[in-house]
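Paired with subunit B in one complex and with subunit C in the other, subunit A is shared by the two complexes that follow.
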Partner chain A sequence: MKKIVMGVVIACLPFASSVYSKPSDGGTINVVVQPEPPSLMIGMYSNGTTQQVGGNIFEGLLRYDKDLNPHSLLATSWENSNDGKTWTFHLKPDVLWHDGQAFTSADVVFSVDKLLRQTNARLRTSLAFVDSITATDDYTVVFQLKEPYGPFIRLFEVGTMPMMPKHIYAGTDYKTNPANHHPIGTGPFKFDEWQKGSFIHLTKNENYHVKGLPHIDDIYWHVIPDAASRAVAYETGKIDVLPGGSVENFDVARLSELDNTCVTTDGWEFFAPQAWLWLNNRQGPTADKRFRQAVMYAMDREFAKSVLWNGYGEIAKGPIGSKTKFFDDSLPDYEYNPEKAKALLKEMGYDGTPVRLMPMPYGETWQRWAEVIKQNLKEVGIKTTIVSTDVAGWNQKISDWDYDISFTYLYQYGDPALGVARSYISSNIAKGSPWNNAEGYNDPQIDKWFDEAAVAFPDSKRAELYKKIQHKLVEDVPVAWLMELEFPTIYNCKIENLIDSGIGINDAFGTAWIKQ
Partner chain B sequence: MSIKILLYIAGRAVKGLLVLLVIAVFNFFLIRAAPGDPAQVMAGEAGATDEVFLQQLREQFGLDQPLYYQLWVYINNMLHFDMGITYRQQMPVFDLIMDRMPATLLLTGAAFVLSLLLGVLAGVVAAAKHRKWPDSAITVAALVFYATPLFWLAMMASLLFSVYLDWLPSFGMQTVGEDFAGWDKVRDIGIHLVLPAATLGLFFTAVYARMTRTSMIETSRLDFVKTAKAKGMKPSRVLYRHVLRNALLPVVTLAGLQAGQLIGGAVLTETVFAWPGIGRLMFDALFQRDYNLLLGVFFISSAMVVLFNLITDVIYCVVDPRIEL
Partner chain C sequence: MNIIKTLSQNKVAMVGFAVLVMLILVAVLGPYVYEGTPWKMVQRPFIPPFENSSYLLGTDILGRDVLAGLIYGTRISLLVSFVSTVIALLIGIPLGAYAGYFGGWVDEVLMRFTEIFQTVPSFALAIVLVAIFEPSVYSITGAIALVSWPPVARLVRGEFLRLRNQEYVLAAKLNGQSNRNIILKEILPNSLSPIIVLASLMVATAILLESSLAFLGLGDPEIMSWGYMIGSSRTVIRQAWWLSFIPGVAIAVTVLALNLLGEGLNDALNPKLSGKRES
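Up next is the complex of A and B:
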């Protein structure tokens, strides 16, 4: 079989570090972790902070730069066959687990085919396209796909497909394996100690498979439950890094102006969080397309962006974020236009039935955003009542479709087939999850296009389909898109190279170093 | 100790156990009345989920069983001194609580002692200098601390002492990354303790001060105090021997109440100062619907309340022998 070589052996993994002066070794980084993760076992828990800390201990086969191009990590090179259905990965030899055992292709097959297939809901969806996973020798793994699944090459990031040690997990009950409390990975940092409620300590992996890395000796992740106290902890210099979203937005501007403080919005490219309003398509006024369009015209999203988000982020144009692949920039705009909204409401004969509006229970910003939207909707004649709830209640209400309008934001994972389709295809209408097609939008044409686009080959064919999808969805407004969110990471400027990949803080601090 | 007291204590203990059982059953249903369940919260945090995953979690937690069966399992476990496993951390509830207990007891204990000493002292001074300037100063200060929300006070204290003055650490219980031992460790924890204990203690200091002052002023007008003065007893001896001792009863009642809250009463302080105690454990468990953990913390806190009510009653008759059990 003739093969197209898509990956090239890259000698070393840093893709950005060389522009700085020579990195120095040593030092400690203090980071905030909020909320305290339930576990660091990244193969079984996909919580945001599990990934942030666990991403230092575990590794995927590949890394992705800020333009989402794949780079070598545990795999040194990889090829795709002409028909797009056979992927061959060549592993890096001489990689050791933190307990000294060798990392081989058996670990890869076990991780993906056994452990993650059982424990990782997101990967499981994609594995449906995989026919077989085989190790042809100690350092080669072949993925045989049923169809040329377009997003396949974007599945190898540590949060999606982390490598798990077979010698520890094979044949055990994964959920209760004692190693979950003392994770063993291949990453640049090793687990040392977790004082519940206080901090998690990681130390340098002296036997890391990339020579000369990591530079940092210790990382402390501090559990500080109050947002204002996290800001104070940074101000007093006890904390070096505030990952995006760990302080309230109204504190960001003040903290950014402190001495020696750097701010970056990099490192979210892979996730590209997209915020929108769920509009319950099944019942009430939100079932009418004209009402949903009216909501789009009624919202002053520029105001929300500049006031609530300090100007960070972009106004969302449609279902696919502008940083995600196959975004179409020719989409029509829903500009802020209350008159148009009123006209649409009049046309549909909206009788003033009040609707419930549910903010996300994730901090002050969402509460305020709900108040802004309430005001916007009131101006065009839509009466809303704000429903307050906590995380569990919010999950349940969305999962049971017990809402009219609700805030949410979802990650896109670099490819519409991974992070976008799930919210619009009718096969994803199911109670029990707040992350599927919770609005109940059902359109056979959209289903068909999304199905085809996932397996169309090559990419140009996919782009065509996604263009049609975006235009149709923007016309139908199944949900009211708000913003492409940006969560600025605030950190002490003495740290160089803190964020050097498309998953940002969720990646290891493997190439970071501290200026002496 | 007389047989009578021992019998009394035994009787109260039996009643206490029954109360605890009723509370446990009541709590069991109460927290299940809250919307959502732990599986949903965990799935929600994962950012992606499906029915398979939820089902796996519910089976693992035993939440797929009928409610009456879950209650039976829970009570049965409790009778065998087993509080179950936390859903999130996959650790025994008892271990987790015991892990956090010292931090909380240190904080609330320090605040308790501080507020009791300071509060009673301030109350005595105010009463002794009734209608003079120290009385006014203490009354006003007590009123201010009584009325100020705890979290606001905490934030202001950390702004002043941590950010501007840089005297005291603003979060945590010890300096992370320093392996202190012996006196260095004690000093390190002590420095971290100052702000949280002071903020937590100020409210009760105010309460004790006001209570002691009022109670003493009231008592000092009683006949036996006049008699004591008429006998020509030294004013200070009248104050401590006659007035204070008789005025302390309401303070003991309050102290009993505060002592009952030693376990669960520091949620706000622990949150603002990132103090790794039980209050936060409970707060997190509440939002994560970690039923076992929550029930465990509830159980231990209610046991503390029952215990301290009993101790308070016994102390009553030590302070005032006229009171019978």
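Up next is the complex of A and C:
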């Protein structure tokens, strides 16, 4: 069978570090982890901080650079057949688990087909396209797909498809396996100690499968529950790295001006968090397309970006973020234009019925953002009442569709089929989750296009379909897109090569080093 | 009247009174002078005070006029505190009066009931109440009233216990007057002075309570209040301390004015004390 070689990258894990001077070994890094993760078992918990810490203990078959191109990690090369349905992965030999056992194709088959299929809901959706997973020899795994599923090659990131040790988990109850408290992976760092409420300690894996890595000896992840205290801990030098989102936005500007402080917005490309306003498409004024368009014109998103986000991030143009695959930059703009908004409202005959506006209970920035939007809407004649809730109440109200307008932000995972379609296809309209098609947008044409685009082959066909989707959605405004968020990582400049991939801090420390 | 005369001679109390009158004027007239809404983003954010003549106290983190916020905040602070105090009095006075006047098991039952409220820390209870009923002007006023009436009840009960065996009360009883009449017309007027003093201090406490709730994000999200202004600026206190400081001063001045007035009233209404002063 003739095969298209998609990428053969020979053991080049530190794909950016060659730019810098020669790395030195040794040293300890102190990082903030906020909030404290419920577990480090990355295959069972999808919490952001589980991924941040666990991503240094566990590994996926591939890594992704900031342009989301796959690179070798536990797999050295991979091929896709002509019809796009058969993927063959060649594993790296001589990889050891932290307990000394060898990593083989049996671990891959077990992790994906058994463990993750059961524990990872997001991956399970994609595995529906997979017909079979087989190990042809100790170092070769073949994935047979039912259809040429486009996003398949972007599933191998550590948070989505982490490799789990078969010899420890096979035949046990995954949820209660004692290894969950003492995770064993193949990654550059080994778990050492977790003092709940205080810190998590990882130590260097001396037998790491990439020669010369990692450079750092110890990582301490500190639990500091208060945002102001985290900022102070950084200022006093107790902390070297503040991962994105761990201090209030207003503190970012101040901290980034400190001596010897580096700031980067890199390392979120894979997630590409997209913020928008849910607009309830079922009832009230928000059910009218013209009203929703008016909301888009009424919002001064540049103001929010510069004042609330200190200029970080991009104004969102539509459903697909500009860093995600198949983004179409020919989309028309919804510029800030109150007059146009007023005209649209007049045309639909909006009678001034007040609508409820529910901020996201995720801190000061989101609260202020709601106040800005409220004022923006008021200026075009839309009266809103702010509904305050806590996190549980917010989840509940969105899941029950009991809202008119509300904030949210969701990850895109590099491919529209993975992170975008879920918010717009009608099969995803279901009470009980705040992460699905909670706005209730229902359009058979869009459903059909999204279905086709997920399995179209090759990519040019997918791009064509996603272009149609984007133009139609931008016209219909099922939700009011706000911004592509950027969460700057603040760190001590003595750390070199910190953000080295599209998932940033989640697998940062294997390649980072400290300037001596 | 003697009381007013005594009070007007107390300079400190008059300062408090003057400040209070001024605040009431601001609350009533301010919004007519400052039209529009204090939520409007009028200028670039973080203008320091006394730098831009059209925004005398500068702008906050979103570029909203701090002076406008202060003026509208006066309104909500005074409104909530006065109304909640009136409600607290309406609950506390009858309860205390019945308990003190009738004594016995009525007293027992009512006082145990009061103690339930007294044993729960009032601020914690207010937070819970506001959180349950969702923050709004009504829930906040109600919650503050509900946590502030127990001291009133205890005070009134004490007064009634003291006065119910006075000769004029016994005379009224012998006269065949109804209990209601005796309570309302004989005893209550004679116990008013400590209640007035307490009420003036309760207004001050209510302002603090309202501000604290707003500071914690439990204010009415539709209404600009001093506590909200401090709370929303606390994340930038390192960069723009004045944003928290200015409304803080407003709260301090208002509470101080009320305390001074209350002190003055206490002096004026307490004959023994005022007699001592004169001598």
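In this section, the second predicted complex is superposed on the first by the 514 of 516 C-alpha atoms of A that agree within 3 Å, B and C clash if a C-alpha of one lies under 4 Å from a C-alpha of the other, contacts with A are read in each partner's own complex, and residues count from 1 in each chain.
Definition applied: a residue touches a chain if its C-beta (ideal position, glycine included) is under 8 Å from a C-beta of that chain, and two chains touch if they have at least 3 such contacts.
Keep in mind that this is a model prediction, so the values were computed, not measured.
Trainee: So, on subunit A, is it clash or fit between subunit B and subunit C?
Mentor: Partners fit side by side after overlay.
Trainee: Just subunit B (first), just subunit C (second), both, or neither: which does A:303 touch?
Mentor: second
Trainee: Using the superposition on chain A described above, determine whether A:38 touches subunit B (first), subunit C (second), both, or neither.
Mentor: After superposition on chain A, A:38 lies in contact with subunit B alone.
Trainee: I'd like to know which partner A:251 touches here: subunit B for first, subunit C for second, both or neither.
Mentor: second
Trainee: Once the shared chain is lined up, is A:388 touching subunit B (first), subunit C (second), both, or neither of them?
Mentor: The answer is second: A:388 touches subunit C but not subunit B.
Trainee: Mind telling me which of the two, subunit B or subunit C, contacts the most residues of subunit A?
Mentor: B
Trainee: Between subunit B (first) and subunit C (second), which does A:264 come into contact with in this model arrangement: first, second, both, or neither?
Mentor: neither
Trainee: Going by the contact rule set out at the top, does A:196 touch subunit B (first), subunit C (second), both, or neither?
Mentor: first
Trainee: Answer with first, second, both or neither: which of subunit B and subunit C does A:367 touch in the superposed model?
Mentor: So A:367 only meets subunit C here.
Trainee: Subunit B to subunit C: minimum CA distance in the overlay, Å?
Mentor: Between subunit B and subunit C, the minimum C-alpha distance equals 9 Å.
Trainee: Just to be sure I follow: which residues of subunit A are touched by subunit B in one complex and then by subunit C in the other one?
Mentor: 228, 390
Trainee: Could you pull out which subunit A residues touch subunit B in their complex?
Mentor: 28, 30, 35-36, 38-39, 45-48, 121-122, 124-125, 175-176, 180-181, 195-199, 201, 218, 220, 222-226, 228-229, 232-233, 235-236, 238, 389-397, 399, 410-411, 422, 430, 432-436
Trainee: Quick one: which bits of subunit A touch subunit C in the complex? Just the residue numbers, please.
Mentor: 227-228, 248, 250-251, 253-254, 303, 307-308, 364, 367-368, 371-372, 374-375, 378, 385-388, 390
Trainee: Using the touch definition from the top, list the residues of subunit C that touch subunit A in their complex.
Mentor: Of all residues in subunit C, those touching subunit A are 37, 39-41, 45, 61-63, 131, 134-135, 217-218, 221-222, 232, 235-236, 238-239.
Trainee: Which residues of subunit B touch subunit A in the complex?
Mentor: The contact residues of subunit B facing subunit A are 34-37, 40-54, 60, 88-91, 96, 99-100, 103, 155, 158-159, 162-163, 166, 169-173, 176-177, 271-274, 276-277, 280-281, 283-284, 287-289.
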